[in-house]
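Some structures are shown below for you to check.
In what comes next, chain A is part of two complexes: it sits with chain B in the first one and with chain C in the second one.
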Partner chain A sequence: MKIKSLYPFFLVLPAWGYLIAFTVFPTAYNWWLSFMDWYFANPLGPSYIGLEGFKNLIYDPIFHYSLITTLIYTFGVTLLELIIGLSLALLATQEFRGRRLFRTLLILPIAITPVAVGLTWKVLLNTDGIVNFLLKIIGLKPISWFAYPTTALYSLMLVDAWQWSPFIALSIIAAFEALPIPPIEAAIIDGASYWQQIRYIKLPLIKDVLTIALMFRLCDAFKTFDIIFAITGGGPANATQTLAIYTYYNAFYWLLMGNAGRLCTFIFYFSFVIVYILARRIKVE
Partner chain B sequence: MSEPKKVDRRKFIYAGLGAVALIAIGAAAYVAMNPPVVTKTVTTSTTVPTTSVVTTTSVATTTVPTTSVVTSTITTPKSEMEKMMENIEKYCQGAKINWRQKEGTSIYVLFLSNPYSETLRAFLPLFEKMTGIHVAYDVLPATEYWTKTDILLGTGKGVVDAVMNHPLINPEWAGANWVMPLNEFLFNEKLFDPNWFDVDDVIPTSWYACSGHFTKLETGKQVWVQAPKFKNFNEASMAWDKKEEFLWLLQAHFEGQTFYYRKDLFSKYNVDVKTWEDCLTAAPKLTLDLDKDGKIDVYAWVARNKKGWNNAPISYAPMYSSYCDKGWLGEGWRPIFQNIVKPFEIFVELSKPGRWAPPEILNYDWYFCSQDFAAGKIAMYCPDAHSIGSTFLNPQKSKVVETTGFAHPPKGPLGIGGNMIGWGISVCSQSTKKEAAFLFALWAANKEYLKYTAPYGNLAPIRHSAYEWLRQTKPQGFPMEWVDQMEEFNEKYNKISLAGPPGQFGVLPEMKVLYDALSTAFQNAISGKMTCQDALNWCADEWVRILKQAGYPVS
Partner chain C sequence: MYSLVLRKLISKAVTYILAILVSLAILFPIVWLLNISLLPPQEIFTYPPKFLTEISLENYVKVLSGGMGEKYQIAATGGGTPFQVNLLNSLICAGSGSILAILLAIPAAYSLSRFRFPLANFFRYQILSFRLTPPIVVLVPLYLIYQATNLYDTHIGLVLVYILANLPLAVWLLIGFFKEVPIELEEAALIDGCTRISAVFRVVLPVASTGLISVAILSLLFTWNDFIFAFILTGNNVRTAPVALLGCISYEQIMWGQLAAQVLLTLIPIFIFVFFVQKYIIRGLTLGAIKG
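== the complex of A and B ==
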């Protein structure tokens, strides 16, 4: 075989090496771990239990509860971020002075470390915190944002929406700016109102961009860890214990590596299904 | 067809400035109405004898729930510090040990943040000077500490040489061969001088609490067995020959429970608490709106209630053991705690958010509890670790220095209940510098050094001599009633010792996951998601499921 014919192979070798080391191997290792019973501090090491571990997971009530919490959180924040993001994008595409400043400010929440966002909001939304103080000034009753199982998850969703709505907004702004002018001009000539332009012309045209942005947010929200861990640590009463938090507790608090592996496998395939459905939609249309 | 509405730049800037001004005014008003107690620092600085003072500043790294913040500062005149160093050095030179036998070695030591470990930092230069061993010393808050040590020890690479350990965690670490029995050092004349160490000076029950647990491998399954009760040091160390009874850590201090309360409020509102039920009766009298603005200024009760194995279950243990002396598990590994509902109900009722306890109590760990108590916002602090008391005695941390009362936990039908954890230093099995690490542990547990640590926050030293020294010298600001109380606690009230009978937590490596379920049961009941009985039953079912999955023969 000529050296020249191997040349492309050598060129892609670093990328392959990277993929194998950081994607293929960890995924395969996690698969292997999923079939093991492994208490990390057991000197005897892991032992093979086959599908027994998955059976235990199916019968684990905390897993069920965490899964439901995760789904509420994931779809809740994505919907919230879509609504807020779209509103911000519509505002940012208006002609007004200071628009650039507004757009710059939009980027700021995304640039902040999630743990810092979590800790900041934890202080702001404390029962004795500044938000409740302001609510009191305008005559409203203070809210125990993170203190009760009934409010904690929704409060976390608001924090997540504060940080990530601008991402959706920026994606929509970019898509709006790239839209072809003729269809919009035609619509204006035909007497379409502002909302009709948005509803029937602009949104259908940016559907693919919107789908990709939502896909990112769905996957991200599904595995959100840092904000939740920094604010509630999964409490109170497991009300904010998503699958990512439950996996962390299994792995690093209780050292139950087999359980953690099975949860990771579940998260991986669940995310994969979501991405597959959305990606297929883009391809078809 | 309407044109998009244009917003004038000036109006936009004005609106932005208006919003910023509104937030600033709100923040200013908020700060004005809730003045901070003291300033917050997150640094640790130590200057040893060359300067005129030794200052150790440490702060809990958790977020503060209100405006109150706790800072700990030890300031010692240079002359006093030099004298202490001189005395320690002189005492250590009396040992038949060559302290410089490992000169030039560097060791990495990882400790959990508490008054003992923070005080040790100030004395480390003396150890380095005496031994020629360099110590890289890391002190971490509780949550990070347990996670980081598990990971570092689990690598098996000998990254860490010595760690802080206690009997709740030891089954996990010892079973994994992450820490080693110290017995082989104790029989090495080059490394240990029993006369100098003065083994009889160590309070006997603390040996018991530190010696703890061992594992056996039976038919390929790891079995955790109750450790024998060592009467004294000699018995513990001689057990090395039997190859199954080990001493895993050298004790530094112990941790039992003290009931912290506000003497001034108890007196003013004519409250007397002898039993747990008295706490309930006192709660309405001690929940106070002092300035009549409709907002509670002092809550009657606080207890650790954040999700996690080291919160509510730890706070609840003294209450539970004063109602039940049979532990958590009964025959056939079956939970029995769900049958003891009364103390659970009292604990839950007292911890109702916003009623007798702070609204955020379900997110409170001991850092938050102690900060609120130190800020004068709490009347009764559910019995918690002795070491926390040092926070309330420090004028730079606390508004309640003069008004804090210390007492044994309230009584239940079985009298006073409590548990004890002996904190100590373990040498890591994978360390390549084990002997240097042992010398460090030995030095950090020496008699002369330990007595000096008491006034600086190590309120529960494990040596008789430390208490004697406190009685004689009566350090300024140190509550003398504390001294008798500590020794009494140590001897009498160690009922639900964590190194207790088989089936108790101390001997189970699954302790963390079981305790975590118990903490969730508390949260379910306190938040009203479940009744007390339902929460306990749910938890008992969880325990059975967890124990069965872990391979225990649950009947």
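== the complex of A and C ==
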């Protein structure tokens, strides 16, 4: 439908304007904060320090460490969830009794409050918790999960995968079911095995769905706050401190609003660059 | 021939075993939480662990009557216990945030799904990109703005950011759902003398109603589950259920039993939700990827 007036434009305006208002002002405020040194409890308020703050940020080792932690977490979790999600989808598309119930079960982790997921696994993966007990029964060594810097980040990634792999799985299942039948029938007639059908026919056909689902996951993983904050709060020894958590501590724990503003400015443009690169690569319509 | 039957049998068995293992992996955490919530406090981290050897409802009584600790007694305004007040806060804010977001999203999504106009692609891309911005980036400045404008710790303040949180996904999904409505249907209504607005109300929205419900349910679910917005922008007045959950562990000694009970009580609405409206949840979750 082509229309030669401005009103499609005006229909978009309220939603767009709302988003802009709630994003542009905060972003501008972040920029302003970036040039300030502001201890929030200081009655004198903020003081101008120019680019000094940015210089400190660039040389801040904890900032580097948080950035690396964030990247490991983001990409690690997405890869893990792709592998588990794909396996779950293949399993869920087999013929077996209770298949529908199985799919209902897959929604459950996605629907549960992330903080509750975090707290639940904090109980289960406690050093004296049930999972370690089960490990001992089958003759394995107990693992210190969230208690040691070396294992904490990977344990968090497992919890994230528990919650979000089903999302990838459900996306793949839906995409499989929307596939056209002729190419698959042709493959079967040509004698393609089950794995060959998956590898050479089905997966290439759902490539677009998969990339978009992965992009959603990648962005959400980059934002992750709830699970990490509920389980480790960034510890032990900063091992799980992502950029979001580090920003949180700067702003609301140490009350260093200038630092927080600089971190926010960085995260904002950093996430934009990532999204832009990904969007270019997969060419979202 | 014989080996083929055997192979089929084995693959069937493997399928069932894997399906059962996955189901266990999903259900076990919840079952174990239930176990812990029903044990008396001193029995929780015993060796070997106990499974429903003793059942006491003590933890549930404590949560329902007082919530966690003295600090949260403050939240008990209007005669409810802290736990009830928290749930009510969650419901009010998530509910109004979702409804208002959808009301804003409908015209935008309709316009973007039906018309080609300059900047349409720019809008589409930009609205989606808001979904990809980490919330902490807007939360630091919003906290300062809220403090200065007395929006901090109010229902209105939280609803305003919940609209922000819901809007991008709502627009994105509704564009997909509106595109599924055949354009001929709408043109027929226009020829029959409907104005465009009444065509939208009488044809497009009813036909896309499944989609609308999906979007409403997903928005409600995601904002009901929200932690970070409420955690940063509210205090004792408008404490929501997820924030109250974390309140349980900020004490020196974690009361695991009460924590488990409170987690389960908070999740009950979600279990009911998943059971009754799973179709809509799946549709909403997967459409985002499929129609992209």
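The definition used in the following text is that the second predicted complex is superposed on the first by the 268 of 285 C-alpha atoms of A that agree within 3 Å, B and C clash if a C-alpha of one lies under 4 Å from a C-alpha of the other, contacts with A are read in each partner's own complex, and residues count from 1 in each chain.
Here, contacts are C-beta pairs under 8 Å (C-beta built on N, C-alpha and C of every residue); 3 or more make two chains touch, one makes a residue touch a chain.
The structure presented is a predicted model; accordingly, all values stated were derived computationally and were not measured.
Student: Should A:D128 be classified as contacting the first partner (chain B), the second (chain C), both, or neither?
Tutor: In the superposed model, A:D128 contacts both chain B and chain C.
Student: In the overlay, answer first, second, both or neither for which of chain B and chain C A:A89 touches.
Tutor: neither
Student: I'd like to know which partner A:I228 touches here: chain B for first, chain C for second, both or neither.
Tutor: Neither partner.
Student: A:L80 contacts which: chain B (first), chain C (second), both, neither?
Tutor: neither
Student: Is A:L156 touching the first partner chain B, the second partner chain C, both, or neither of them?
Tutor: The answer is neither, since A:L156 touches no partner chain.
Student: Check the contacts made with chain A and report whether chain B or chain C touches more of its residues.
Tutor: Here the partner covering more residues of chain A is C.
Student: Touching A:P43 in the superposition: chain B (first), chain C (second), both, neither?
Tutor: first
Student: On the A-aligned overlay, A:L119 touches which partner chain: chain B = first, chain C = second, or both, or neither?
Tutor: In the superposition, A:L119 contacts both chain B and chain C.
Student: For A:L67, using the defined touch cut-off, is the partner it touches chain B, chain C, both, or neither? Pick first, second, both or neither.
Tutor: neither
Student: Let me test your reading of the model: by the given contact rule, A:I188 touches which partner, first (chain B), second (chain C), both or neither?
Tutor: first
Student: Show which residues of chain A both chain B and chain C reach, each in its own complex.
Tutor: Of chain A, residues 94, 96, 98, 102, 119, 122-123, 126, 128, 130, 133, 252 contact chain B in one complex and chain C in the other.
Student: Spell out the residues on chain C that touch chain A in their complex, using ranges where they run on.
Tutor: That would be residues 12, 15-16, 18-19, 22-23, 25-27, 29-30, 32-33, 36, 45, 47-49, 104-105, 107-108, 110-112, 114-117, 119-120, 123-138, 140-145, 160-161, 163-164, 167-168, 171, 183, 221, 224-225, 227-228, 232, 241-243, 245-246, 248-249, 256, 259-260, 263, 266-267, 270-271, 273-275, 278, 281-282, 285-286, 288-290, 292 of chain C.
Student: Inside the complex, what are the residues of chain B that reach chain A?
Tutor: 1-2, 4-10, 12-13, 16, 26-27, 29-30, 33-34, 63-67, 146-147, 150-151, 154, 172-173, 175-178, 217, 220, 222, 306-309, 353-354, 358-363, 509-510, 512-513, 516, 520, 523-524, 526-527, 529, 542, 545, 549-550
Student: What does chain A use to touch chain C in their complex?
Tutor: Residue list for chain A touching chain C: 1-3, 8-9, 11-12, 14-16, 18-19, 22-23, 25-27, 29-30, 33, 88, 91, 94, 96, 98, 102-116, 119-124, 126, 128-130, 133, 162, 166-167, 170-171, 173-175, 178, 208-210, 212-213, 216, 219, 222-223, 225-226, 229-230, 243-244, 247-248, 251-252, 257, 260-261, 264, 267-268, 271-272, 275, 279, 284-285.
Student: Touching chain B in the complex: which residues of chain A?
Tutor: Contact set of chain A toward chain B: 39-44, 56, 59-62, 94-98, 102, 119, 122-123, 126-128, 130, 133-134, 137, 144, 146-150, 188, 191-194, 232-238, 241, 249, 252-256.
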